[in-house]
Structure formats: structure tokens, C-alpha cells
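As written, the chains take the letters A, B and C, and residue 1 is the first residue of each chain.
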Amino acid sequence: MLRQIEGSRAVAETVACCRPEVVCAYPISPQTHIIEAVGAMVKSGALSPCEFINVESEFAAMSVSIGASAAGARAYTATASQGLLFMMEAVYNASGLGLPIVMTLANRTIGGPINIWNDHSDAMSVRDTGWIQLFAETNQEAVDLHVQAFVIAERLSLPVMVCMDGFILTHAIEGIDVPEQDAVDAFLPPFEPRQVLDPDDPVSIGAMVGPEAFEEVRYLAYVRQLEALDLIPAVAADFARGFGRSSGGLVRSYRTEDADTVVVALGSVLGTIKDAVDARRDAGERVGVVGITTFRPFPVQAVANALAGAQRVVVVEKAFSVGFGGVLSTDVALATQRSESSLYTVVAGLGGRPITRRHLETMLAAAGEDQLEVLTFLDLDTGVVEREQARMAAATTRPGPTAEFVLRDLALRQNGEVEP
Amino acid sequence: MTTQPVRFFQVGSFAVGNRLLPSGDRTVQSDADRTNSLDAGHRACQGCGEALGARYAIDAAMRATAGRLLVVNATGCLEVFSTPYPQTSWRIAWLHSLFGNAPAVATGMAAAMKVKGKTDVRVVGQAGDGGTVDIGFGCLSGMFERNDDVLFICYDNEAYMNTGVQRSGATPPAARTATTEAVGSQPGNVFGQGKDLPRLAMAHDIPYVATATVADLHDLEGKVERAMQIRGARYLHILVPCPLGWGSASSDTIRVARLAQETGLFPVFEAEGGQVTAVSPIRHRTPVEEYLSLQGRYAHLFGEHPSLDVIARIQAIADHNIARYGLDPGEHDDAGPEGGRP
Amino acid sequence: MFQIRIHGRGGQGVVTAAEVLSMAAFDGGRHAQAFPSFGSERMGAPVVAFCRIDERPIRTREPVMEPDALIVQDITLIHQVDLLAGLAPEAYVLLNTSKPLDALGLGDLSRRFQSDRLCTCPATEFALDQTGRPMPNAALVAGFAALTGQISLTAVEKALRQRFAGPIGERNVAAANAAFRHVTRSLAPRDPATRPVPTQAHAAAD
């Protein structure tokens, strides 16, 4: 039913419709509203049978999920940012053991400096863990991806992470069609584990694997992830038939036909980019955008096809590899290596910095005139940067912490104590 | 009619076979139909106390649960020597996840069994002292605090043996390890408070906490059985000598374990709801030198110029334990060889 | 697209105001998007929430920088936050106060904004009267409905009942009605003599 509802609440209700049997979580902004709502549904009996476990850390949250999943229960958890890093060892373990856990990642940056706001640093930090990573453009898609995630996870016996932008989606209240229980039951069959701890049929899981077999075991994990490239579109198609709307899949193109310049991005910023694309189209420029829904496994062929006609590919990403540049860009570069297109990286929205249509339009205009740098930091306050660099260069001993001086510089200027 | 109870001092604590006991009182290990949970062919060292302790404990747990058992193992010697790919020595449903998360994985398994209504299936988590008192302590304390239905067993060999004998939070004072070498003015591990996990477990007020050694099979099995009769978080701390790390003879594993108890350095007791309810009194109170001198990790305390002051400090620890837990045999005149057992 | 920015302090239900506003718009068959200015939750700290209303699906995720309407739940913020940032002269402005603007030193507002789009409303008093709690949000959402016509009072009532179950919902509805009447009265008559005290200053300025 279409309701005006908070994204987190909608995700929680949807997850409950997926009948998870063990849910555990450790609070971290901006994931809290999701697990609070799931917890309340378990406590009231609305979600039953389900064990909701308040754990002492994210490391425990993923570990409890591992134990529950290995024992045959459908397991769900949610985290963000530092929490994801704190559970990192178990994140690898869950995929290494092939356990179909579903986790919401309410995307938030990683400190320091500490910052609770949105970007994709957390998701990028786990791109090599062996989890399937799906990115939601809207809250509707976030909701729909969770239903699909359980199907994908359990068919492949691999964990799936649904990434939704922290605060921007999790805390936004908008019209969302939250799936009905009957529809979810018809779409998502009961969990039949591929491997399970059973006293009647005892197996050992998690044995030590030496050099003689490790490469083969990892190769098989790679092959299984690639299977997802076929399964994900199939599940999305099934979903469209069952729910009457299109969500998920590998990539989505918007006004890319005849486009010279195509933007590539992940997550909720695609909405703002589409508005910018419309505006530039109205101004006569041939621009389009490709949204990547499935980030891992990376759909190389689908991305290559989507970008086939582009002369310029501009990857707008909310994360970067310090000391190098774009993260998503390197994947896109591989997908477009056979084309003649030029590739640009635009790092934007770090630590919650708003990505505005105005900034995007300015950037697109520059790209259209081939004036865009290969690596651009959108909306970067170069004045602050230059003053801090000068201060550091001038200091003879112990120049002090950069972040604190940048904040001080901004505050002084805002208060008019220094000429802006 | 007045009867004179007969005491079989050779049965119970010091004997494995127990042929003099009625069949129902014999150890699980003496039963030809035991599970052999940790089967032959594993890669443990000769005289490994941990292999022994794990087989005793898990066989007893299998007996107590009629085979309805799931086990999770932390990373460590036990995990490595029991499952060299593609082989496994475990004849039970067994999972290894990570070094520090076994208690949380066990919580997840117990939750899965509860939600599926399989309450007859019980869960045991097991780890060495590193996986218990150090890297796994956060998860363990959380499991205790929530009172999850898990028996957690620590096989304590007092250092990180799997990685080559480095100090852990359970390493005793003066012991030489690879990271507390027997050099300098204070050779070996420092004298500190140590991390006394049985007492930390008791501080969580969980239903059952017990300690045991591989030297007293009857006692160890009895504690596992008792633990499996109780629901909620339970903790069993078993001292398992490591010939490699302790520098003791492989043939001395049981002897060294027994001396740890008889000296008072390793108090053997049971606690329910945070209160000590039973102790195994010391039968032959033994000076700590006898225990220490069997182990290469204390070799620097002996020789031409023995460190009498250090040995005295260790003796003081033993004496403190004896006083704290009432382990002095004089306080238990009526007790049998096992502190109250027949 | 119609965009609203709401200013207040943590604990005053600023985010709930945006939520209720969006629910009322949604009930009116339009697309709506409400979201807070994200930050750590602290009582008393300045808080901003936003709402967008449109006939078409709303895709943008940027903050509202040039709002069509401004709601100020706590007038004491006027000296701490740039409340008027991005506001065009034709923007709607609804301020929670029982005092005349001149008494607040805000007389120039009536020169900057159109008189039929600038209004004060003693929302905290209405809330205290009806609910016993100084939560001005429900009253202000209704005041916004009266001021802009973007949402109906019926939709506001429905949203309040949906958001606050039972008697609390009804009390908020009562506060909302009081505010709706107040704002309607403030705006309707063009004869300065019959206008309530707080808006006389604007009338004079016209």
C-alpha cells in the first residue's frame, strides 16, 4: 500500500515481511530507525517467530548472524560506517562461508575526522569482501531491493548488502509502496539452506584451507558471484511481474540515447542528477545518466553497453581512494577500456556535503566544453584549502591538527572576524 | 545397623577406567559407545592437553544432550589441528568462524534453535584462553550478560600456542613466553592481577560457572553434565597443559595438570548464580616448586641460583587461592577424594 | 514544486511538523518529501526540517535552499540562525509568536515580505491550551495550511490523527483548528481595525 512513511520505517516493515528468524543489531546512526522498528515489531509479536538480539558490538552482530545462518535461520542485520569496519572480519567470514545473510548498509562516511553524514566510503571499503552489493536510488527501491536481496542471497548462498544513503534516504519521509505480506510470501520462499549445522547430519564448516586448495575455493566464490549477474536481472523481472513496478537489476539508463556525455553514479544522488540532466537537455545538451544498482558483482558488460555511445563518461562518486582518486571510476574504466570515450571522476558529497543541481549543471556544462579536469572535487572550497596549506607550510614546529584549524578558519570567516 | 562406608581412593579423580564403580557412575570416556567427538587422526602435538580436554568435554556434552549438539570453535590450535582441509576430526555438527567471535556465533546458533522450536538441540562454544579472555572477551561478556543458552568452554593453556607461544591475558606471572622472554631483571611474564575469567564470569551472575582440569576426568565430565542440565549462559574453564608451550614432557600432561590443582595455583570449583557452591579440596598440598620445576617456561627460576623470591611470590598466589576458595584439606575432613563425591 | 523550510529547536517536533505536512500533502493526492537537516539529536539545539510538495514524483535530494515558505517554530532563533536565507520577497513566512513583530525588533520583515504572506501565530499558546505541552508543530502546520492553501485543514487533521493516536491526536487537532482560525482571521479582513494585534504592524506597513 502506498503510504507517506519514513524510509527506515518502510525498510523495517519490508524486512519484517521477509520473515527473518534472527535479527541482531548494534546501534549506529543513521541505521538506528530501521533496527528500532524491527525490534519493536518482534517485541509486540507482529514479527514472529523471530529472535531479536541486542548485541554488544557490530562484530557480534555479524557473528550472531553467522551462527544463526549456519544453523539454518534466515538472518538479518543493519549497520553503517564505523560499524561496518568494526565487523569487517566477520563480513569477510560470512561471505567466505557462503552464508545468505542480508544486511542493510545505511551509507555513512568513515572517520576520522569523525562525521556521521552520508557518503559511500563505507560501502567502497567492503567491495572486495565477497558480498553482493546493491544500491538503492530511492526509498521505494530500497524497500524493493530488500525483498529481492533475500531471494538472491538464498538462491546463491551468498550474503547481500542493500546500500541506501544514510539520512538522505533513511530519514526521508515520502510516498512508499510497502509490500504486502502475501505478495512477499509468494515471491520469497522459506529458507532452504545449502549447508546447515544439523545434529542428525553433522558436518564441519569453516575448516582450515591451505595453499593446495585456497585458490580453487576462492575461484569458485568468484564464479558464484558472477552467477549473480544472471540471477539479479531475473529476480528483478520476477519482482516486476509480482509487484507491478520495476526495481533492482544491474544498471539503469536515463536519457542516454544519443548522449555525448553520460554521468555514472550510485544511489540517491541519481535523482538530483536526473533533474540536472533534464535541465541540460532543455538547454540543448546531449547528456544522460547511468545508475549502477548492482555494484558487486560489477556488471562490466552491462556498464559497457550502457556507455557504448558516450564520448565522455563522468563518474560522480561519493568516495575516493586517498592517494589515487575514484573508486567506482576504476571499475567503469575497465568496462569502457575498449571505447574511445574520455573518463572523468567527480568526487562529490563527501561527509554529507549537499550535491546540488546547480553544482551538477555547472560541472556538466564544463564537461560538455571539455573543460572538466580528469579528477574534480565538486564544491571544493579552495580558499580554505590554500589557507591551511599556507599555515602548515609556515609552521616551523608542531603545526597542529588540520581538521580543527579548518573549522576554526571557517568559523572566523563566518563570524566576520577575518575578511572572507 | 551401622555400616562403614568404603572409600575407593583409587577411583574417581585419579582413575580413568573406573572399573570398580557401578556402570552408571563410570566416565563417559570409559564407555565404548562414546561419541569420540574429536576423533583420532588429528594433528595435535603429543600429550596435548587441549585435545584431551576437548574430547572429554564434548563427549560428555554429547552424552548429556543425547547427541543433540552444535559446536562452534574459535580460531586456535584446536581448530587448526582438528580440521586440516579436506579432513575433519569432528564427528559432530561443528563450525569455525573467527578467533574472537565464537561466543556470538554460539548466540546466533542458540537463537536459531529457539526460533525453530528445536530446544532439544544445545549449543557449545569453545576457545583457547586467547579466544576467551582476550580477543573473544567482548563477545563472551555480551553472551553472559544476555544469558544466552550457551555453554562456553575455555581450554586454558595460558598462552597463544597456535602462533608460537606468545603471552595472553591468562599467562601466569614469571612464565616465559615468546613475548615475555626469560631475560632482564624480571624475566618471564609480569606479576599482575591476571585475567581471572571464572571470577569475571561469576560477576555476570550467570547460572553456572566451573573450573576443571584434564587430570580429573570424573570431575570434568560431571561439570559438563551439570552445565547441560541448566539453561542460560554457562562457563567452564578447563586447564589444559601444553607440552610445547610449557616445556613439559608430553607424558607429564596429566601430572602437571594435577599439580596445578594440588598446589592451589589453579582452584577447581563450581559456582551457581555468582556464588561458589563446591570446591575440589587439595588432597596432597604440594609446594609450587614441584609444579614449576617440571616446566621449561619456569626454568629461569631454578638452576644454580634459584629465584627464591619469585617462587615465594608464586607460592603466595597459591596460598591466597587456597584461602579464598577454602581448598585446604584440613577444612574438608569428611570429604572423599573428590571433595564430596563418593 | 513548493518547498518549505521549518526552523526550531530539538524537542519541539520540527521533524514531525515536516512529516505531518508531507502526510497532509500526500493525502491531497500530491507527491511530498519531508526530511530533517541531519545531525546529532540534542534537545534545544537549532534544528531544520524540509518539505517538498509537487504534482510530479520528486527526484531531487538536495537540501531546500530557496524555500517558498518558511515556518519558524522558535522565534528566539532569529538572532542565531540566518532564518531568511534564500527566501524570495514572495515567499510565505509563518512565525510562532504572540508578540507583534515590532516588539520583536522584526518590523522590517513586513517591508521585505508581502502582507498576505507574512503571518504570526501564537502556536505555543494554542498547544499549551489544548495539549498542555509547548509543542507548536501541529498548530503551525495548520497555520501553514491557512496561509498558503497548499494543504487542507482536513488533511492536516487526518495526518495528526494518524501520527498521534487517541486523545493526543484529538488535542493536536484542536490546537491545529485554533491556529487555522487565527491565521485565517489574520489574513482575511483588509480593514486594519478588525485585524488581530500581531498583524496590525504589517497592515500599517503596507
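Everything below uses one rule, namely that contacts are C-beta pairs under 8 Å (C-beta built on N, C-alpha and C of every residue); 3 or more make two chains touch, one makes a residue touch a chain.
Keep in mind that this is a model prediction, so the values were computed, not measured.
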Most centrally placed chain, judged by C-alpha centres: A
Chain whose Cα centroid lies at the greatest distance from that of subunit B: C
Separation of mean Cα positions, subunit C and subunit A [Å, integer]: 35
Chain centre separation (subunit A, subunit B; CA means) in Å: 45
Separation of mean Cα positions, subunit C and subunit B [Å, integer]: 67
Complex contacts: residues of subunit B adjacent to subunit A: 67-70, 72-73, 79-80, 83-88, 90-98, 100-101, 104-117, 121, 138-139, 141-142, 145-146, 148
Residue ranges of subunit A touching subunit C (in the complex, touch as defined): 4, 6, 29-30, 116-118, 165, 167-168, 171-175, 268-269, 271-272, 274-275, 352, 354-357
In the complex, subunit A residues that touch subunit B: 21-22, 24, 49-51, 53-57, 59-61, 63-73, 75, 89-90, 93, 97, 197-199, 201-210, 213
In the complex with subunit A, residue positions of subunit C that touch it: 18-19, 22-23, 26-27, 31-36, 38-40, 58-63, 65
